[in-house]
Amino acid sequence: MHIAEGFLPPVHAAAWTAAAAPFVIHGVGSLTRTVRANPDAKLLLGASGAFCFVLSALKIPSVTGSCSHPTGVGLGAVLFRPPVMAALGTVTLLFQALLLAHGGLTTLGANVFSMAVVGPWVAYTVYRLVRLLTASLPETTSLGLAVFCGTALASIGTYSVTSLQLALAFPDAQSGVLGAFAKFGAIFSLTQIPLAIIEGLVTVVIIRLLITA
Amino acid sequence: MTSLDTAGDGMAGTGPVILSGHSLRFGYDAARSGPVFEALDVEVRQGEVLAVLGPNGGGKTTLLRVLSGSLTPQRGTVRLSGAEVRWNRRGVNALRRSVQLVFQDPDDQLFSASVRQDVSFGPLNQGLKPDAVRDRVAWALEALGVTALAEQPTHLLSYGQRKRVVLAGAVAMRPSVLVLDEPTAGLDPAGVESLLETLDGLRAAGTTLLVSTHDVDLAYRWADRALLLDGEVLGIGPVREVLADPPLLEAARLRPAWGPAVGRALRGAGLLAPDAPDPSTPEEVAGITGA
Amino acid sequence: MLPIDVAAYRSPWRQLHPALKGTFCGGLLACALLLPAWPGAVLTAAVALVAALGPAGVPPRALARAAWVPLGFIATGSITLLVSVGGPDSMVAVDPNGWRRAAEVCARAAAALLCQLLFAFSTPLAELLPRLTRLGLPSALVEIVALMYRMLFVALDTAHRVATGQAGRLGYASRRAWIRSAGALGASLFIRSYDRARRMQRGLECRGYTGDLTVLVEEIPLRPAAVLAAGAAPLAVAATTISYGVLL
Amino acid sequence: MTSLDTAGDGMAGTGPVILSGHSLRFGYDAARSGPVFEALDVEVRQGEVLAVLGPNGGGKTTLLRVLSGSLTPQRGTVRLSGAEVRWNRRGVNALRRSVQLVFQDPDDQLFSASVRQDVSFGPLNQGLKPDAVRDRVAWALEALGVTALAEQPTHLLSYGQRKRVVLAGAVAMRPSVLVLDEPTAGLDPAGVESLLETLDGLRAAGTTLLVSTHDVDLAYRWADRALLLDGEVLGIGPVREVLADPPLLEAARLRPAWGPAVGRALRGAGLLAPDAPDPSTPEEVAGITGA
């Protein structure tokens, strides 16, 4: 779910940009270090980034009316780890803003924070945690559960952060930020919760195919 | 080779119409360059091999995609066995059940871990029971001669093997029309011959084949009828008429075929009876002249 | 393949220095966000729209289609401003000031969106990305970003064909099949992306690649007068809006 | 077509050896299936067009990659203008400067979104100054007839256009040998003709061409010499010898060529002088017989 250009007041846009910046700078740093150590990684990173973009551009025909979807955040985090995902995700979001008009330029920071920082970290943490907790289960079950929970919760985490960003910008006249968070959360949950579940299932299929390939 | 046999049957290319397009229009990006074709009519007849030839950008692939339900025409109708296709989900799925499109690049249609899984994809989506799916897969692998590859991972197969597996995946859905986009592209000459033999087997079992190709000589010796396409239908009819017409071929930006040219020369020299068919391969030339 | 991208290469503004378009669109964007919404946002929107449909040659239909999704977000988001929740009287109540707030947000966001679209529709990324090093970004990053841009079209094309092939085999005919197909598409895309990277590595090595993807970027002259001209429109919008407020 | 002219010069295929491989061995994965070839010898002569033909898996692409420095042979040596190539970084780079390999799939070698920028990559890697690079790019775009595409983004080009741009990228490095893997694959007949004309232009300017293809008839009419490869060299020599030998072609799992078969038939009928060359196109057949 991308916050459109101009929807956030300038102060909020600037604040979220500042909040996302350290993560992105750290991600870019680790990216350039990787490339310096191994110049051949450049093409692989380019391909990974292109893969992230295309994955996020896949249409989900069964869910209509959704603004957009963070498909790939969870998968990207598991495959590439959160720091690299912060960098690749930022570029993906920039491309989405300029090539698809999904998300804006002044709201890039806010979108990066929810989709390229919080989403990947939630996915990665949940994935690791579930792997630890289910270590006694059969490998495929454990992996499937971890991937599903990681991706679905990353998707929900992303959308919760977006709702929070909107709530902070537009607090409710009566109940303030908390009420606004409930309002935004409720209205977007209609599309985002089914989307999170579908994304979790699809990602499980992807990972299963990748480990057998 | 086979075209001689089937022409002898007097059947191919004269059967009832199984798939047809009427006044079809399609354009990818209206602003840039106009439609690929406008008001196109085409009929595919039961049991025939219809070859589609023409320059790149002339609309071959687009036509194949429209007729197989992978693109919706912007105007005009497609009829399957006489019934008009409705472009809603149900109508398109019904068309796809009967008309299967196989792309040029096999990698675009292989996405499962093993050959068997990949071939079972279509039958599973048709809602068949596991037993029926198993039978279909075994039958399709057999028909394409790739039973031995069933448990192989798809990415370890050679190009020719992948082409066959993709064909098996389409054949497993038991389509009445098989639409093949450049099936021989990238194959070596031996691979081409062996694929043509396999396709002849499918055709003998009743499958209609709609095939695009750049190879005029191949179309001449293998197809029943040819369609010359360059934004519009420049010619359609038996290969021995359409592909023996150098000005027509030139209009479709194709090279002339060897067979008719050599046939004319040999007839002129009295080596070939006036009503004998043109040679369709260099071997036949050697056979005729005893050289 | 991507309508905005295709249109950008055909725009009459394509040859202009990206900095000029950045000044013009960025200035207008600042107007939309910082000035009083009335009449600032409306004026900004008007200027951006006239520029887009006039000199920048943006096809109206493509513009409308691109604006559709973000406008949907703006509308949905604004609806929540109409009501307030958790008040003393009832759980959900109509916010008396809601209409004004929603209209203001809608106006600002729509105007800002037009500025963004104007820039995107007139600035091809092929001309923008190689110049990002001038902004002080590390060249390795810029090279990766440019590679992503090139490779995403190859990957997009692949994804499109794989999905078409799956649909032909009824891969999207039911919800169950849909999940199976989408998963298989993602996996196959991942494998093929990596394969593509390896093949490109081999292909570029033949052309002398040793780790740097340096290309010759032609300079486009940037005249100060042109920058001033590009900045004039946003300044005029700002001046008009402010004087409107003062005069009233 | 051109092979007649150049054969008339008595030059092509008889010049000094510019690039050669001696006792070459290469295998991708020794465990799986043994080497692609072992103890292979091949010589490419200055100014000729040498066509490499053979079945898929026979080692065509592997040989092209070894000779152009994209693969290191596991045994044997490669010589460029008589000097042995050393397989260290410096030696390989020197080989790549002189011998440019163009892959079959243009997307493997196009990495930049702008045509002009992409073509500038090779010359920049050669260490040329910006002005010299600019000249090289302009010249290469002109030589490939794609000057009009210079400002186009690569992803909006057609397949044939991308093939030409990749060629321009190689030509901009001014190699003495251009190695082309299936340059005509995927092109329509008109595209093939126009590419051959362009390549003839490069050749007239002194570039040696080493080309793999599946198309026996194309090799017959366009190349000077042919190499039949299937894990070993089955034959190498002037096309009018190697490709006019049906048993040899069959050993390489290739189809016979039309030209020699028709030539033999026409000579047998007295329509062609015993020492006249075989026709190399259907048009020539028509010309000979006046049909």
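Read from first to last, the chains carry the letters A, B, C and D; within each, the first residue is number 1.
Convention: a residue touches a chain if its C-beta (ideal position, glycine included) is under 8 Å from a C-beta of that chain, and two chains touch if they have at least 3 such contacts.
Since the structure is predicted, the reported quantities are computational estimates derived from the model, not experimental observations.
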If you tally the C-beta contacts for B-C and for A-B, which one comes out higher? B-C
Once you find the CA centre of chain A and the CA centre of chain D, what distance in Å lies between them? 48
Counting only Cα atoms for the centres, state how far chain A is from chain B in Å. 44
When the C-alpha atoms of chain B and chain D are each averaged to a single point, how far apart are the two points in Å? 30
Where does chain B touch two or more other chains at once, residue-wise? 111-112, 155
Can you pull out the residues of chain C that are in contact with at least two other chains? 5-6, 125, 147, 149-150, 154, 184-185, 187-188, 191, 196, 200, 204, 210, 213
Among the residues of chain A, which ones contact at least 2 other chains? 209, 213
Which chain pairs here would you call touching? A-B, A-C, B-C, B-D, C-D
In their shared complex, chain B is touched by residues of chain A numbered 209, 212-213
Residues of chain D touching chain B in the complex: 54-58, 158-160, 185-191, 193, 214, 216-217, 246, 253-258, 260-262, 264-266, 268-271, 281-283, 285-286, 288-291
As the complex stands, chain A meets chain C at residues 1-7, 9-10, 13, 28, 31-32, 35-36, 39-40, 42-51, 53-55, 57-58, 60-62, 65, 67-68, 75, 79, 87-88, 91, 95, 97-106, 166, 170, 172-175, 178-180, 182-184, 187-188, 198, 201-210, 213
Flag every residue of chain C that touches chain A in the complex, lowest number first. 2, 4-5, 29, 32-34, 66-67, 69-74, 76-77, 79-81, 83-88, 93, 95, 97-98, 101, 105, 108-113, 115-117, 119-120, 123, 125, 138, 140-141, 143-145, 147-152, 154-156, 159, 163, 172, 175, 178-180, 182-191, 193-194, 196-198, 200-201, 204, 210-213
In their shared complex, chain A is touched by residues of chain B numbered 111-113, 153, 155
